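Several structures are given next for inspection.
Here chain A shows up in two complexes: once beside chain B, once beside chain C.
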Partner chain A sequence: MIKAVMVMNTQGKPRLTKFYEFLVRKRQTQFSLFFFLPCLIRAENVSNFMEADSIFGPDSRLVYKHYATLYFVFVFDSSENELAMLDLIQVFVETLDKCFRNVCELDIVFNYSKLHTILDEIIFGGQVLETSSAEVMKVVEEISRQESASNSIGLVTKTVSGWRNR
Partner chain B sequence: MALSGMRGLSVFISDVRNCQNKEQERLRVDKELGNVRTRFKNEKGLSPYEKKKYVWKMLYIYMLGYDVDFGHMEAVSLISAPKYPEKQVGYIVTACLLNENHDFLRLAINTVRNDIIGRNETFQCLALTLVGNIGGREFAESLAADVQKLLISSSCRPLVRKKAALCLLRLYRKNPDVVNVDGWADRMAQLLDERDLGVLTSSMSLLVALVSNNHEAYWSCLPKCVKTLERLARNQDIPQEYTYYGIPSPWLQVKTMRALQYFPTVEDPNTRRSLFEVLQRILMGTDVVKNVNKNNASHAVLFEALALVMHLDAEKEMMSQCVALLGKFIAVREPNIRYLGLENMTRMLMVTDVQDIIKRHQAQIITSLKDPDISIRRRALDLLYGMCDVSNAKDIVEELLQYLSSADFAMREELSLKAAILAEKFAPDLSWYVDVILQLIDKAGDFVSDDIWFRVVQFVTNNEDLQSYAAAKAREYLNKPAIHETMVKVSAYILGEYGHLLARRPGYSPKELFTIIHEKHPTVSTSTIPILLSSYAKILMHTQPPEPELQNQIWTIFNKYESCIDVEIQQRAAEYFALSRKGASLMDILAEMPKFPERQSALIRKAEDAEVDTAEQSAIKLRAQQQMSTALVVTDQRPPNGMPAQPSIGPLSLVKVPSETVDSNPGDQGLTHPNGVVYKEDPQPPSQDIIGDLLGTLSIEGPPGAVAQSPQSATYEAEGAPSAADAAALVPVGEESGSVQPIGNINERFYALCLKDSGVLYEDPNIQIGIKAEWRAHQGRLVLFLGNKNTASLGSVQALILPPTHLKMELSLVPETIPPRAQVQCPLEVMNLRPSRDVAVLDFSYKFGPTMVNVKLRLPAVLNKFLQPITVSPEEFFPQWRSLSGPPLKLQEVVRGVRPLPLPEMANLFNTYRLTVCPGLDPNPNNLVASTTFYSETTRAMLCLVRIETDPADRTQLRMTVASGDPTLTFELKEFIKEQLVSIPTAPQRPQGPAAPPPPVAPASQDPGALLAGLL
Partner chain C sequence: MDSLFQRSLDDIIKGLRHQQAGESAFVSKVLEEVRREIKSTDSHTKSTALQKLTYLHSICFVDMSWAAFHAIECISYPNFTHKKVGYLAISQSFQESTPVILLISNQLRKDLKSNVEVEVSLALECLSRIGNLDLCRDLTPEVFTLMASSRIPVRKKAIGVVLRLFGKYPDAVRVCFKRLVESLESSDSPPIVSAVIGVFCELASKDPKAYLPLAPEFYKILVDSRNNWVLIKVLKIFTKLAPLEPRLAKKIVEPICELMSKTGAKSLMFECIRTILTSLAEHESAVKLAAGRINELLIDEDPNLRYLGLHALAIVAPKHIWAVLENKEFVIKSLSDPDPNIKLESLRLVMEMVSESNVVEICRVLVNYATKSEPEFCNVILGSILSTCSNNVYEIIVDFDWYVSLLGEMSRIQHCQKGEEIENQLIDIGMRVQDVRPELVRVGRDLLMDPALLGNPFLHRILSAAAWLCGEYVEFIRNPVELMESLLQPRTSLLPPSVRAVYLESAFKALVFCLHSYLKSATSSDHSALGLSDPGVSSQSYDEFSGAHGENGEASGTTLIQENHITPDSVLHLLNLIDMAVGPLSGSYDVEIQERARNILGFTELIKPVLSDSLHPQDERHKQQVEASKMVRLLHDTFSDELGPVSMSAQGRVPVPDGLVLHENLADLEAVCGSSLPASSATISFEGSHNVEGATSIFISDQKEESEPSSESTSLLAEHRKRHGLYYLPSEKNTEHHEANNDYPPANELKSGVTVSNDAQDLAKLAEQSFLPKRKSKQVKARPVVVKLDEGDVLPISSKIPQAKDDSLSEAVRDVLLGNEADADTLTQKAAADSVIRKKGKEKLNAKEQEDDLDHMDSQSGTVQNPVKERSKRSSRKQNADEGDHGGDKGKQKRRHRHGKHRTREGVQNPPANVISQTPVPDLLL
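Right after this comes the complex of A and B.
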């Protein structure tokens, strides 16, 4: 299963973190640094794999991909195929690209709710949910419609907070 | 594009972005947290929109790495909002901020269930996602049936069904006992006929989870998997959106081949033939292309196909074709392929006998040691380590030594350890081994752990032929101008011990040896000086007749150190000085070191710890470890000096005599006791490590706080004085004990908690201590619930954990007072380091009015909590069982005085202790065969096999055989099972007098903590 997903920029700032396996908070916060420092000294044209045992325990693999100012990092265990995970990063990024039309770091910073929505349509509880970026886009567009639809209704019923008494 | 129009959030994010440094950022974040906190406090005036905005801010802050310890309730409450945007935020943020044990989640179960069974598909999706990410036991109990219904419903859209499949997978993985999957085999088979590839991918993942647990039930799915694979490989009826860079859904292909690897074999010849056709097509038809993404995808499929071919034990021809492919991969330009090529070659090494073909690639693998990518270098090192045997050890070890000087610092320690182990395991002759280790110390002294030089000393001590060779070598290295301190240690030790064997050679006279060792004296640290002093004393002893000049020189040194501030050095100097004036008796006291008892190399153990063990590979690795240990260089087993041979793994006989004991009766013990010389001579830290090293994993130390004492005195202690060792007393200590009596039987409560994960540990009229535990592999999290039953508060509350050495425990802060009628929760983190049956003790005290109450309670962090049930098929069981041949990995014992139990009840007992009984493996109906996986930090996941042979005529006796890949584990597990089978004493048992034998159930360890636990 996939244990964690992280997006961070080339300055080491996390842009998205999501953990699918319980990890104590201290380890969670160490993750970005743990990945970032060794990554800095990695040469060009090396593999996309790195060790991750010291944070995630035995049987952890890490694969990352570098796009412009962002790193996309997936951590997973031996039940997943390494290259398939690398492909999944590509699907994630292609979906973002479709969603934001040439995605850049700023899109991600200011729309991180959308990032969560998209990620939830690709990975579910640490398992691969959907691998077709076209399918993911369909769902995301549907969700956006829902959001704006209920926003307009929201104007009418804004004062009603009866839900709390349900 | 602003975030759904939430301006405040965008402003906050750009503020944080504009912060110049970490400090500014922290200030800004703190300000925002304060703001959010106050807004949440006066919740009345908060609109759902505002709530949503604040909750997003919390998540953003949390992601940046700051702790957010409030507002969880608000996030959870958004889940029940009627409108989509709020609800969505509630679900997403809850899933990120909370973990499955969070109490607030329980509040949401009803809403979540309503969303799941409701008609609104988007709500269904949100709810399923939450459950799939953090759903725990309660969710499984109340929702599993609903989720199953969704998955097979024909009216649901694929979007919902694929989520339902993965949600079910999560619930099943976490709580297989709650989710009922009886009869799911047929449904799974139907699901595999699904045309929608999204649903099919999810269903395939679900199948993997189900099959990995019990493949027997899912045979009917196997042909369907092969069909799916054929459909994909031939690109039949694959929609465009599921074609990734021209390849029909590589993920589904990979998952399908993964699922097939959980079936032990493919029996049906037709299915097998079509499967091999597909595999052959994948193996042959994959080329390296320019597009990176396409390349990755096609190779993902290819590597999975390779793994499946290996698993299916194809004909040798196909196997060699695979090795040939891998050989091609490890030389390609694309680094990912090189990396995976090396990794898969290592895997291949373990499963099949293609080692000879792999060896042909040795040169290329050695080149990979110099790859620019450290990840690849690591894989190359692993592979070289794995493929090394007697035939190529010399080449490989010499390559490693050469590489050592240029290797990265991050790798040097591992590298030197591996070189040392290979040299030890496959040495064509022992002098080569000594050469290698000395070279290793010479080249990378900083990275050579003490274990390595201890081991070479052991070898030299145990092999007489080697002693003069080693002494000559040591002398050579000492000639060098600048040598590493470890080299000084090992050379001084060897020359002191065996230098006299070469006394006739030029340059080896006592005086010359002394001079050359003493030259290094100014350069060494205090840890080496004791070794030098010992060497001098030995040289002095071997100088017959005595040379007054040398004697004076050495005496001057002893004199100088008699006032050394380091007590170890001071004591040695003083004692050696006094001893060396005793003339002939010196010879007896400083006689040659006795041989070390033979045992598993600490190095090999260490390397095993360092290796990553994967759940799937553990069985394979077990076999590999087995091969390793038989390949050990075995030296003379018989120790001289009439010293009784210590069994390498009976914790019974291994007693660490701490230096304090030696100190307390100075001189005498060393002078009179022939073996005492072992301790007497080198009681300083490094050499104690030698002793500790001898004891290996069983190194026995008292728990912190408990007094480390020799076993006997510990027994006395337990009987008499109220010291830390007196934890044996279960009842409250002191006079007041009469006034507060526990409610219920503490022992029974403990034994009950050994079998379940929550319940009451202790109760009296004032307090109730409940416990809730959760176990994951070798880690556990216990929560102690301290509930005050009174209307007055309890003061001076103190909880101390006395952990045994094999458990690492961290108890969070316990408040000093518990308010009236309040309950305090104290989480306790547990990590299991090694197999052991010792039990942790909670020393708990509180004050109620004038009465001080103190109880010592055993904590149910017992061996079986680190077991995980596993079902083993005959195909897996028998090769394992056979490969673990004989002690110490397989132990057998006839147990008498067993509590008579009918066989089904005994099987139940085993299952409750998480030892899965595998029926049908043993043809004799009176026998039981069980398997389980044990988790600890040192052993990782390790398969354990148990066989019980009962005698229908006499139910009170049986023969038990336990096997695992780790000697200590085998022993501990055997004893553990024995304890459960022999009736458990319920009354606290205490020895009657100082001479009373230790209680029969836990005689194994002399650890005071263990002793206590045994007495309880």
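Right after this comes the complex of A and C.
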């Protein structure tokens, strides 16, 4: 089971957090998490795994991957395969890439809810449900369609910024 | 108007990005806005506010529990975008304990039944994240329906949610399990199989036994599937199942080996290796193949693969150490790999390779390596050496002299932070292994002598152990005067008070020892001078004493003393040294130090006049000397009584004396202590030191006439200890120590306390019994005797409490897998009973729902009768196999009863031939 997914930049600023076991309750733990992880994450050309029992409870492992200015971190337990998790990060990033065409940190910063939508299609309640980025894209597009449909049915966009952006 | 100027999420993000320092001020400003906006009745305004809040919650970790109700409002909006915002907020922030969580039940049900696929997905996702008992119970029927949905994405999510249902509401198994198993066979749609296998993998990791009957289905997937994700999960399941059923292991070995050699995916290959090494380690040829693949991983360029290769070796090491030995060089070389994971893993492997024959060599290499590596890894190395060597009461150590000097060497390593562990081991070895004491004392002395070590706070614990050892086994010291000097050197002021107290105590012991041996040599020379005609009282007693001492195995010690005479000059020197070094400490602020310093000073005050006379030959000399020696002997006896390890359970074996009431409130203790404490603190005497060192015997034997503590307080303490054993220090020394405390007689309280001394004597006897036989067992030359207690070395761990939830889950699974017709009855009964117990108002509704489900299920089972029938056959056999297990369970008689009923019924149905083969794996497999 996957316990948590986190995306953060190299300075330790969180970009996305999703905890499938509700374990990080205290703000302080959350802060220290993002403070310490980038320190723990090591130089290039070393293995990407870490024992994470101390942070996430017993039987926790952590795998991270470094893309440009971002770290993608998955926390999982012994029912997942380490290398498969590494592949899954790749799937996630590939999907993001397809979705945003050459994804960069800014896309991730500004598309908070879309990020969640994509992730929810890949990981469902801590289990890996879909590993094909094409399939994920299909569903995500369907959801966007629904969203825009519901918005057009509703009143004209009302906020100043929404109006300004058009 | 409100919404016209509302900031969108993008605005917030931009705003946050432009804040350099005052981010928190910005956030609180936004929060203020959100609090206002979220109260709006306009759905758009509300959902935008909620979205902003969710964002801040997950990025800046602000609290959003207060907005729970608003999130619920949002999911009830018909607009999909708003609904989605609400669902995201709920799944990010709700916990099982969120008070309003039950309010979403109806909305979830509505969305689960929705025609819009993405809405159903949202609801399923939400349920899988926050579902608690009530939600899961209420929504099981809807999920059950969705599990048969024709829309693949919905169906696979419904299957995924089943895991949550089973975990929170085990009775859902009775409803959904059959459909879940059927989904295993839907080979036409890979996503479904993948989802189901994922669910079974999670379920099997908790209780593999219950899923053994499904082995044939898993096997089919293992052979047929081409999807690596699915195969990995199936392998995970088999890793759990194979150890339970040897025939299954035999069956799967071949396909797994084939998969391992054919696959190009490293993840799958690694999973195959892991499965073989963990669960199929008996199959020699398979392990050989796996070892070959591990070698490939080890030489790979990718550090991840190298790390996992070493990890795999660590798995195989306990059973097939040859696989590790084959790669010995690589493992040793990896110790210096830049990758910390690889380093740690190879260290683990090196420790696996340690055996009696090579422990010296390996430890030498590792200690050398530790001195060269960075502090953190250095301590990891030292820690693993310490734990490996002390494993199972120093099982692999043959040459204790070597090990003790290694401990000394390790303490001198610059970055060593393992003071506590080394301290414990030094003292532990000192007490367990008699033969090594001279070497221990030598090592301890070397550490104490070095003034540089006193400056390193990490070493203080070790120094404390060294000081204690040198004091306790002072008879092995070549030059006690030198020891005194190092114990009282000025730099000891750098030590923390607790350690300093130990130093002082040891100095006291050494002083008494010096005086004792001085007086002894003096009397013996007297003796020869006076001739045999006058057998002096003191010399006689000294002979007696030394005879008694010899029994304690100090023969070697006495010879040592004779080598270095203690001259009158050195005695004077010692007394002066004490005046100088200890004198100032009598005013120390630390009570421990002050008390001990005063003890020593009090003693020297007493002994000085008599001794100084005896130093100058006079007529009265003899008489004086007798007096002095009496005093010294008294103390020497106190200190020379040997401390033995005491079994953890020794206390429990002390019989409770008649007339003692143990089950009384501890409030009495206060009354007892209140009267005794001031009295005891008022006395300044040698008894204080005795108290610390924990030699029990002297007061019981010599000072019985003195007051004894009230039996009440002792027994209450004993009771307290029995009840709260956890909080008492576990080491043997302290057990004894504690006893000493219990027996410590408050000075001015006159009471006849025979019971207590009986207690203590019994205890002493028991303690002796518990380790004497082993100590006396033949003295092997190669390895000194290590005292082991028959049972008390480790705290007995209270038997684990089985988890109620898991139990009920696996029982439910078992019941369903049995597939018997009684299911229906039990289900309705149980559902009815459940609802009566759980929810007063809801029972009717629930029972109705459950019945609906039953109708569903019946119609289902009607269409797919075959597999069900087959399964029932298998499971009857499985039940027979399970019989043994059920015998052990207590407090489950009701359930057992039900099982029993099934068993008899099925026993009649099935031909006896089937019953005989007591294995749950069906023939189909074999």
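Note that in this section the second predicted complex is superposed on the first by the 139 of 166 C-alpha atoms of A that agree within 3 Å, B and C clash if a C-alpha of one lies under 4 Å from a C-alpha of the other, contacts with A are read in each partner's own complex, and residues count from 1 in each chain.
By our rule, a residue touches a chain if its C-beta (ideal position, glycine included) is under 8 Å from a C-beta of that chain, and two chains touch if they have at least 3 such contacts.
Since this is a predicted model, take the numbers as computed values, not measurements.
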In the superposition, chain B vs chain C on chain A residues touched: B
First, second, both or neither for A:Gln90, with chain B first and chain C second: first
Chain B versus chain C as contact partner of A:Ala134, first or second or both or neither: first
Partner chain in contact with A:Ala68 - chain B first, chain C second, else both or neither: neither
Touched partner set for A:Asp107, first chain B, second chain C, both or neither: first
Touching partner for A:Pro58 - first (chain B), second (chain C), both, neither: first
Shared chain A surface residues [contacts with chain B and with chain C]: 14-18, 20, 22, 42-43, 45-50, 78-79, 81-84, 86-87, 109-110, 112-113, 116-117, 120, 124-131, 135, 139, 142-143, 146-147, 149-151, 153-154, 158, 161
Residues on chain C engaged by chain A in the complex (per definition of touch): 3-11, 13, 17, 44, 48, 51, 55, 58-59, 61, 63, 79-82, 84-85, 88, 92, 95-96, 116-118, 121, 124-125, 128-129, 153, 156-157, 160-161, 163-164, 191, 194-195, 198-199, 201-202, 205, 228-229, 232, 236, 266-267, 270-271, 303-304, 306-308, 338-342
For the chain B and chain A complex, residues of the former touching the latter: 1-5, 10, 13, 17, 47-49, 56, 60, 63-65, 67, 77, 80-85, 88-89, 92, 96, 99-100, 122, 129, 132-133, 159, 162-163, 166-167, 169-170, 197-198, 201-202, 205, 208, 241-242, 244, 249-252, 254-255, 258, 293, 296-297, 299-300, 303-304, 335-336, 338-340, 372-376, 378, 612-617, 776-777, 940
Residues on chain A engaged by chain B in the complex (per definition of touch): 13-18, 20, 22, 25, 28-29, 32, 42-43, 45-51, 53, 57-59, 77-79, 81-84, 86-88, 90-91, 100, 107, 109-114, 116-117, 120, 124-135, 139, 142-143, 146-147, 149-151, 153-154, 158, 161, 163-164, 166
Touching residues (chain side chain A, partner chain C) in the complex: 1, 14-18, 20, 22, 27, 30-31, 42-43, 45-50, 78-79, 81-84, 86-87, 109-110, 112-113, 116-117, 120, 124-131, 135, 139, 142-143, 146-147, 149-151, 153-155, 158-162
